[in-house]
Amino acid sequence: MTEASDLIANDILFDWLLRRGDTALVLGHRVSEWCGHAPALEEDIALANVALDLIGQARLWLSYAGEVEGKGRGENELAFLRDAWDFRNLLLAEQPNGDFGQTLMRQFLIEAYDLPLLRALERSADERIAAIAAKAGKETAYHLDRSSDLVIRLGDGTSESHARMQSALDTLWPFSGEMFCGDGVDDAMSDAGLAPKPESLKPAWTETVEAVLAEATLTRPQSDFAHSGGLSGRHTEHLGHLLAQMQFLQRAYPGATW
Amino acid sequence: MSEEERAFQERIDRGDKIEPNDWMPDGYRKTLIRQIGQHAHSEIVGQLPEGNWITRAPTLERKAILLAKVQDEAGHGLYLYCAAETLGVSRDELIELLHAGKMKYSSIFNYPTLNWADIGAIGWLVDGAAIMNQVPLQRTSFGPYARAMVRICKEESFHQRQGFDIMMKMARGTQDLRRMAQDALDRYWYPSLMMFGPSDKESVHSAQSMAWKIKINTNDELRQKFVDQTAPQADYLGLKIPDEKLRWNEEKGGYDFSEPDWNEFFEVLKGNGPCNRERLGARIRAWDDGAWVREGLMAHAEKQAIRPAAE
Amino acid sequence: MTEASDLIANDILFDWLLRRGDTALVLGHRVSEWCGHAPALEEDIALANVALDLIGQARLWLSYAGEVEGKGRGENELAFLRDAWDFRNLLLAEQPNGDFGQTLMRQFLIEAYDLPLLRALERSADERIAAIAAKAGKETAYHLDRSSDLVIRLGDGTSESHARMQSALDTLWPFSGEMFCGDGVDDAMSDAGLAPKPESLKPAWTETVEAVLAEATLTRPQSDFAHSGGLSGRHTEHLGHLLAQMQFLQRAYPGATW
Amino acid sequence: MSEEERAFQERIDRGDKIEPNDWMPDGYRKTLIRQIGQHAHSEIVGQLPEGNWITRAPTLERKAILLAKVQDEAGHGLYLYCAAETLGVSRDELIELLHAGKMKYSSIFNYPTLNWADIGAIGWLVDGAAIMNQVPLQRTSFGPYARAMVRICKEESFHQRQGFDIMMKMARGTQDLRRMAQDALDRYWYPSLMMFGPSDKESVHSAQSMAWKIKINTNDELRQKFVDQTAPQADYLGLKIPDEKLRWNEEKGGYDFSEPDWNEFFEVLKGNGPCNRERLGARIRAWDDGAWVREGLMAHAEKQAIRPAAE
């Protein structure tokens, strides 16, 4: 049985696992903020389901990260006792929910990336990564089907729904480029056969996004300017506020068993 | 009583299930619509107090469990609206009545969730009381309602166990956590007792509803059963039910206990609960803010309907 | 020199001081959330000024409370290291800002109470209380002038501004009764000549409120139903979220010197 | 150059102050409106990054100091809009231009405040750079602007000292706090250098502005002065300026240092800074949400104006 730790330095693998886990955690948190406030009962159920899957994925990635780190931190220590600068999630994941259109567009843009990423990770030289990816991939395929469908229906709906979806796309587009900015961590993971280079996922993402936007009668923004920083801990101002809520109990009652 | 009414009552007395296309008295239909609709609304509004702690759940596992629970509740709402729809009222109509203040939801959800143990207390006490109400309704005379109840009860007992598990962790935890657990019990005890409604002696509808098997037990019977079940659980947790009069009565084979403050109950019903304005306001805002989404989906469906299939 | 501690049990005085300090703190926090988002520059300045005065008052009351408690807690320990159930502020103070009209109405209703309270406290048998009240009273007189004036101008402005002010009043009115619900703490303070009974402030408050509402063409709500609980630690759901933000740094970095 | 223009330039050369009712060239007026307006907008937008930490300030004293500071900034905005108004443009017109993206504010406020030390760094570095720009403007040729600057500079130096005090507390605090301080310096150093603008060699407006004494020093002079002042302060704090090339140059009597990334500067100007969309969005939202308030106040004033005084 191959183990990643034979192939790569632990701190690099740890960092890479945090990127996965933190993105799922922060995105799941955002989606969970909708609970009870969605535009229709079916959406309340669907959003809760997405949040639940993402929190589940976060637990798998973060538990593994904690083991790799080897300092005794588990999923909860990593989720609740790090400040924003130690989070490694994509900036896109932490963007506020905005209206339902903005939440939906954020999910679509990330899911269209996550799916090819997870598919590739199923072939990781590390069995643990491959197993997590296989489980998460099934969930994400379902989420992406759903978000694609809704983006199409709301993009090609009323003039108001079209305008809102276009505005959501324009707002979030500059945060999409970060998904494809590989760095040394990604290179090392790729060299070790553990993960694909982020750049390699761009064609699949672009294909999905362009097909859906076309059917949704939405216009892909011209600029390819991309915000970045999330993967190295430079976040937007939103993350700190999110964590202040998320971490309150663990911070206020250290050492308690819940 | 007309011929039809007599035949209808005989079917009920025999234990037959009434199905949507069967003849039924207007009063039966109306009462059921009110009861099922109110139950559906309660599931939906009930997402809000628990939702208040999803973003602050203390561990990822607790967060996942709570999310799954709230998702179940939305699902229950869905079954129940469907059951009501078989009686000829649409979900949107029911929701409009809710938003206009013409239909109620369970008053318990007008109480706030103020610490994490409240999530435990809601599972343990509120879901516990709900189950007590709902288990007999699995035998209710209206088929779709009875079948929805079977499914709902199964999930609710699961939620109740999870709630009890939270309470247990907290009641056996640090001093702060024990204080939270006791605080939650102190605040949720009487509102839970109120969930069974005032004594049936004061209710005009009860007799008819019981004849129709829409209501199976009296409010007081269920309340007693709830106290008898819950008091030993509180003991087991090492928590104190906030009732000086609570004690086992050997003679009646049940606990004696204090009545909740029915003035408070009627104030909350009138809109003066701690959270009435907020709960209904949140639902109305969600509905209004989501109007463009529902309209967009409808417009798209209409476009699709008139497009040639080949496209 | 008279000292309160000769006249009353420390725990009662402590509780009473927390009510003053927590109300000022939580209200000041709410007002400070407006920073940079007010409807006009003059309002940004005015709101910052109100927040500043309230935080200043909170510091005086809480420092004194800490001394009375005698367990080494100062203003910061009391502000940042207590959870919601140990806060003793009025529920009205923690209500969300809503629109500018709701913020303004909240301020007016509280200031119309605080002014006669502080005037009475200037005659407290405890010199420290009297001194704090004298300072706070001057500030509050100014704030009340301003909020009264604005309530009048917006109540008797456009039909929209009138409707918004009326809605603010209707929303907040059920939280105003708590100000006049005295309990054993208040009785003991009053018996010791340290503070007035809350009930005794109602005529002055009613007079101010009715005069301003009349000029503002606003209708006083009929119901006298009053929410309560803040003074004994049973708050609305809002306070926990407010504290999660406010206390984050002190909770996340315990023992640091800032 | 016309007779009037020559006389105007002579007054400036003599060191006279130009007052609002004096004759002035159109270009002078326009340049001043742009410069003062942009400065006013910067004070207003500048409330936002600091406002982001008011609710999370770590002690009550720090919260009070920060509130007072942000209040001062709004006050500065007010003086500056008043100074601009003497040139015949209203505050509302200027605000509309800002919201339409036709006037700028200082790009530094498009950077986020990510930890509490950023509040220190803004005081120390951003206010420090602002003062460096503004102190000479106390001698600018336009009277109302020069006078506004005197008042503003006094308050700004106070803010700078407070910012330095925060940095000092953190740089000498726990390991986490030291890390915050260094992180803030790492992120704010180059954006602060950018505050002086690109080298004047590339600026067409600079020569005319200097002749009119609207601009007193070149951008490069001020940037050098800023680095020379700040580098020893960083040493004193035990923090490391993120520039490998930074070193004292005995010969020129100043520090050598790396230029900031001017591509980033132009990207931020174009709207691609980390927070452009949010900052401007927040201001527009505040303005739009506040429309009813401004309209209400106006309507009331009109009613008062037509009411008999006796009322």
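To keep things simple, chains are lettered A, B, C and D as they appear, and every chain counts its residues starting from 1.
Please note the rule applied: contacts are C-beta pairs under 8 Å (C-beta built on N, C-alpha and C of every residue); 3 or more make two chains touch, one makes a residue touch a chain.
Remember, predicted model here, so these are calculated numbers, not experimental data.
Trainee: Counting in whole Å, what is the centre-to-centre distance of chain B and chain C, each centre being its mean C-alpha position?
Mentor: It comes to 37 Å between the two C-alpha centres.
Trainee: With centres defined as the mean C-alpha position, give me the chain B-chain D separation in Å.
Mentor: 57
Trainee: Give the residues of chain C touching no fewer than two other chains, as numbers and ranges.
Mentor: Expected reply: 83, 240, 244-245, 248.
Trainee: Got the chain B residues that touch at least 2 other chains?
Mentor: In chain B, 56 touch at least two other chains.
Trainee: Have a look at which chains touch which and call the overall pattern line, ring, star, complete or other.
Mentor: Here the contact pattern is something else, fitting no line, ring, star or complete shape.
Trainee: Mind giving me all the chain pairs that touch?
Mentor: In this structure, the chains touch in these pairs: A-B, A-C, A-D, B-C, C-D.
Trainee: Under the touch definition given earlier, write down the residues of chain A that touch chain B in their complex.
Mentor: 25, 29, 32-33, 35-45, 48-49, 51-52, 55-56, 58-59, 62, 75-76, 79-80, 99-101, 152-154, 156-158, 160-162, 164, 245-246, 248-250, 253, 255-258
Trainee: Under the touch definition given earlier, write down the residues of chain B that touch chain A in their complex.
Mentor: Its residues touching chain A are 44, 47-48, 50-51, 54-64, 67-68, 70-71, 74-75, 77-78, 81, 91, 116, 166, 169-170, 173-174, 176-177, 282-283, 285-287, 289-301, 303.
Trainee: Within their complex, state which residues of chain D touch chain A.
Mentor: 49, 52, 56, 112-115, 183, 187, 267, 272, 274-275, 277-278
Trainee: Okay, in this complex, where on chain A does chain C touch?
Mentor: 83, 240-241, 243-245, 247-248, 251-252
Trainee: Using the touch definition up top, name the residues of chain A that touch chain D in the complex.
Mentor: Residues in contact with chain D: 83-85, 171, 174, 223, 225, 227, 229, 234-237, 240, 244.
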